[in-house]
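Before any comments, here is the structure.
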């Protein structure tokens, strides 16, 4: 039996809305991933700790209450410090308050070290497809 | 059998809305008046002619499309010229466009020679009561 | 010409046409053969009839605003704004008041004054004055199906010009654009004039051009019982079909009681199908239009949104093919384009949210549908009897006799003997059935409904109820309860 | 203290009270005897319970907004604006997030920062910090019934202060303010803490002061089937009554399908009456609250008006005793007072217009009511069985077993095994019933409803439907159809 790829999932910050989290958990599990779901109200360090403990290959961060920039800044550094610099970091949700140009938001989060940045309303299927693509690319790299 | 008091009723100007006119016709008739209803689209002179022909004691003018001031100006003069200077002149409806202070509107129409000026939404019962009061006052005057 | 419900011959039509096209200089621009060619090139997505048929098939309810200004470029801008920002499915061109009275000189003056003023001084688009070439600029600049909406008793030249210019739908009818819009114009004249319009649409149909026709459903817009407006709609539909119209939209104006309104839309479609098949008009495609609340509106915009939304919800639950949308400025006069788009968007939201629901086909709904149909049958059968088999003659005689009677109509040709009032649930009933040829059962039904309300209010049934109902809406209510 | 659904003794209550009143310095201001005197002087028209009872008797549906800012004077201005301009019948005081987490220091900081900034930097009114005297300034400046609305798992001190200050209604419950609002707080703790709040209300009742209590109906606000939220409402109601509460408002959040929503409000009242009389709680007066759409809102204000109006119409047709109103700014965060008043006015307009109508009591409505009641009975009877006759213990065990299960709840104490999805008409059903103790008939009912939709969509029933439903509202729709 093939070993499942593990991903850490959670809602960062002080928001209790769990709908997207539950949906993504279900969809990722159905797509064959092993999901370590930290639920809501998750501090940065908990994401890193869970990734190390479970040897996960990706951290999927959701932020829903508009303070994503503050909550997410420094997460890549924490990963680096913990020795998992190469882990995939994805982020999505309502990353800023109100309507703003999304490409600016995406650039900002990419500069903060996120590999993928999703606009509000992104479907789980898109995230899964990206994850499979990025993981395949990595395994090819490691074979070279 | 007592002879009924006659009143002339009509919507002045270029408006086709007949709801209030029909309501007032019905209510006045039920209250014992004989109503000469000229309907909608009535020019000033038609009100005066109808009052003379029928020996009416009041002319009730409705104006619904906001141009009441233009349409009603000079009606009292026409009555004077036609020798029915003492006829009761009432006016009501949406006399001006938009929301305005009603007391200003009432003063303006009183200056134009109207005995009673009604705000939008006045109930027929009020008009009937006023009519009965004014007619009683006049008949007392004529007995003195 | 003698009034009869019979298709005009080409000779009859052409004789009148010569005269009509001379009413105003732009009439000379009308070239029928060229117009047919022009229509042939109009893509399906801009054809009113095709869009309605598609909506009916898919169970959609389409949104349509009212809108029109004096000048061509401003009118194009307005329509495109309502299309993109308002997400309207169908677009109108509302005609100005002068054109409605065939006062083309005054309309011309309005155009010139508007040019000087830099804003529209007319309350609609004077299509006759702009002529075929001018109107085509609108047709070619707006990527949506376009309809002429007006209120014109004699709309023959307007039809010639707008249809030649590529409009694919035309509102109005010989009864529905007379009784609520005129005082002393005879029904014979308006029915004849609208036979002309229908025949024109029929001519286009003979040349393969499908143009949608829509009698004006709401009539006076105030407490009109569904069976009355439905009877007029069916008659105007039959007259239109006789002249060769192949695509018809029949309308109804919201009364405010959900059950009655949903029943009314369903009864309208069923009645039309029944009478059309009875009179071998089965090749005409039928759709329905629901008019949001036509009575007085609250001045407060939020409250107006409430009224608009209730109309939208009812249209959606009734599954009307389209809904004519009001604006939050309704109480204040002609709306800004922004307010117009707001009404459209609120409506669109509700239509979408309710797209998967209908009011269930319960016994209560069925009963209400049956009442409306039974009443309309009484009227329609008496109309055809009075007309000795002819609906055109019958309609004229029925209005004279009060067999057809529209409450609160300004026209002296409406007898004005019936008195509508709301029942205890806000449905529109008849406090006085006047001369309507109802069966004793139906008369008793109305009587009982009014009595039920009277009892609930602790007063005797009286005309005061009618008065109270008229004034109720200014207090935000449907039923005028005693103070 | 051991968890049991039994009225706390005075000794038990007083022991805890000493501790609670010491959580923050303002706790010392609470003087129960003085508070009772204060309440005795509050006129009837400012008493929440009395206003609700009157509304229930008259068949009214009252409007209530959500609103709260950091500073007392600004909060008074806000409430008075919503009263006069928004025509609200009932007024709230929404509590800030720090107070909800018992972080009174942070709330104090928020007050000071707000004073400096000249605008509210808190998302609600920090009633604990303002203390009894401060809160009374609000009570004495607003001429309407006032309720505390929050989302506080441990709301004991907040209850002591606001009730002593003269508030006459208090929202929340041991389940409904835990499962959707917390992640790791145990149900035992929150149920005990809410027994305290209920007992406090019961103490006021013993002194002749009637205070309304309202469990939070909508839970997570996303695809919660009515039988789930109703079961929680009945349990919280029974727990409250046991502690001496005499006036209860049970709530439900709009699902969007008219028939289901109207059925839900009626089923809620019937179920509560059934279980209350079964458990000899018949002297508690019951009313209902309908929450307008709790899911995602369109950013466009006109579309938001549409959503608000649909909630208002449903509340009116369902004859709920009150409706909690959203604002056209819902999608954008905390609304301006103007937007709040707009939502209230649109709602008021529809409530008034529909005051004479209800959805008729058809067989279809009856069937839907019966389904909801049958499901809730399965759950409630299993809860009491698991608790060996005790609803408090039963609730804790039921959540552990998935007999009670709230979809999309953040709390780890909700098993999260059930999966809701909409049926072909947009009603919320269960795609996966998880461990809910439903009869085979009920399970088959849900299965059939989901299959009916799957067939209409030409796909197999799958979790994709749940995902599509969640995302549907962003496209203005209820049911997420395949692209």
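Order of writing sets the labels: A, B, C and D. Residues in every chain begin at 1.
Here is the rule we go by: a residue touches a chain if its C-beta (ideal position, glycine included) is under 8 Å from a C-beta of that chain, and two chains touch if they have at least 3 such contacts.
As the structure is a prediction and not an experimental result, all values here were calculated from the model.
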item: Interchain centroid distance [CA atoms averaged], chain A/chain C, Å; value: 56
item: Chain C and chain D, separation of their C-alpha mean positions in angstrom; value: 45
item: Between chain B and chain C, centroid-to-centroid distance (C-alpha), Å; value: 33
item: Shared-contact residues (touching 2 or more other chains) in chain A; value: none
item: Chain contact topology (line, ring, star, complete or other); value: line
item: Set of all touching chain pairs, with the criterion as stated earlier; value: A-D, B-C, C-D
item: List of chain B residues in touch with chain C within their complex; value: 14, 16-20, 22-23, 26-27, 30, 39-41, 66, 97-99, 121, 123-124
item: Partner chain B, residues of chain C touching it in the complex; value: 97, 180-183, 220, 222, 299, 332-333, 407-410, 412, 416, 419, 463, 466-467, 470-471, 474
item: Interface residues, chain C side, partner chain D - complex; value: 256-259, 298, 300-310, 312-313, 317, 341-350, 352-357, 359-360, 362-364, 422, 424-426, 475-479
